[in-house]
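Here's the structure we're looking at; comments come further down.
We call the chains A, B, C and D, going by the order they appear; numbering starts again at 1 in every chain.
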Amino acid sequence: MKFSLLILASPYSQQGGLSALKFAQACLNQGHQIYRVFFYHEAVQTASFLQTPQQDESNLHQLWCELAEQHKIDLVTCIAAALKRGVLDKSEAKRYEKDGFNLQKPFELSGLGQLLDAQINSDQLITFA
Amino acid sequence: MTLHLIQRSPFSNSALKDCLNIIDSQDSILLMEDGVYGLQHSLMQQTKLTAYALQEDMTARGLTSKNSIKEIDYCEFVNLCSQHQHVISWY
Amino acid sequence: MTADSQEYELDQDGFLKDLNQWSETVAHSIAQDNDLTLDENHFEIIFLLRDFYQKHQVAPANRPFVKMVKLALGQEKGNSIYLMTLFPQSPAKLAAKISGLPKPPNCF
Amino acid sequence: MTHKILIIARSAPYGSSLAREGLDYVLTSAAYDQDICLLFLGDGIFQLLKGQQPKQINLKSQIGAMEILPLYDIEDLFVVEEDLIERNIDTKDLGMKVVSIKRAEVSQLINSQHKVLSF
């Protein structure tokens, strides 16, 4: 089956991101496909590569990167929700004349159309809030 | 046939109550994250619905199953999702 | 940028940075940057769009934009060919830019 | 292919951005020609109240944005009748034309859809 995940949970204030990772891993272990992971609402902060948790805590950003690279998963961050929360890639930083950026591959910024595409083209879209 | 994911505690959030208000007898319910505190709530203790709770979230919180609610792992969680027409999260 | 000795700034995509600076003169100037000369037909739509934004605080996508014009001014003007003639290529986006509405964050 | 998508709105506006972000998704989906209907349930009903003036708290109006739904050809707005009563709200207090349905009818609505998402 084709699954997509919608994550709304703030990465370190809520459990949703960690649950989503476990769910994604379980999907892949059973031979299912993850079509896309879409980060929206507070979850857009997961996309920032500047997050620096302590060594004995999970680094959500890094865990998603590893999973995405291993299994070629699409990690899409909602551009509108991300920009206002200070999550920008290099080209958006340039466009809005900001000094720095904090999002790069495998994460990417895109519109809500990508969430619609995921909802339509997956058998199941599971929300982690 | 819908699988309802309850992701918040019923003692502080209306997710479980709102869901039970509209749930169909054919539907199933899965308690996860703080939703597993639903195990302690009278709303779940009376239920005749097919109900599950995510074992890892229960264990993490020191909860044990008291009634007909079935403990499942992530593998079974994925299976349940694939067996239902819709999966709706309540948070 | 200056229009009628009034200073205003545009961002890289040609949208007004400070929406409060919008005036008809500024609209003419933004239009010129987009190789467009405005007449009263343009302004009829511009004021309609500004009213709409004031009321709903949302800039409409293309199809709803056409429908909005149709509801307000009738079929003769509320069709995509007419609006495409006034605001070529992407009418809703170009009209929003000239009308001093905010830049949509995604490019759809 | 056009999909029938149901969006369940159960967040009150303003206190959290979920209601607004849910509406943004609705508008995007409708702009891509999907067949969208909305169900207001629980606190989501508060999104529909007349007379919202969120300028006072420096936020954009939820009801103001929802008024444009007909322009996006979204005509099917449902509210749960018992949830209205529970909140002491009459349909006259709502700023949009809605259809009241009973709690017992919600699962039928859900089952009639291709896709369902809640905000």
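Keep in mind that, in the parts below, contacts are C-beta pairs under 8 Å (C-beta built on N, C-alpha and C of every residue); 3 or more make two chains touch, one makes a residue touch a chain.
As the structure is a prediction and not an experimental result, all values here were calculated from the model.
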| item | value |
| --- | --- |
| Pair exhibiting more inter-chain C-beta contacts, A-B or A-C | A-B |
| Chain centre separation in whole Å, for chain C relative to chain B (CA means) | 50 |
| Chain B-chain D separation of Cα centroids, rounded to whole Å | 25 |
| Centre-to-centre distance between chain C and chain A (centres being mean Cα positions), rounded to whole Å | 34 |
| Where chain A touches two or more other chains, by residue | 8, 80, 111-113, 125, 127 |
| Residue list for chain B, restricted to those that touch at least two other chains | 88-89 |
| Multi-partner residues of chain C (at least 2 other chains) | 108 |
| Those chain pairs that satisfy the touch definition | A-B, A-C, A-D, B-D, C-D |
| Residues of chain D defined as touching chain A within the complex | 3, 5, 17-18, 21, 24-25, 28-29, 32, 34, 115, 117-118 |
| Chain D-touching residues of chain C, taken from the complex the two chains share | 55-58, 60-64, 67-68, 71, 108 |
| Residues of chain B defined as touching chain A within the complex | 5, 7, 32-34, 56-57, 73-75, 77-79, 81-82, 87-89, 91 |
| Footprint of chain C on chain D - complex, ascending | 27-28, 31, 60-61, 64-65, 67-68, 71-72 |
| Residue ranges of chain A touching chain D (in the complex, touch as defined) | 6, 8, 40-41, 80-81, 111-113, 115-116, 119-120, 125, 127 |
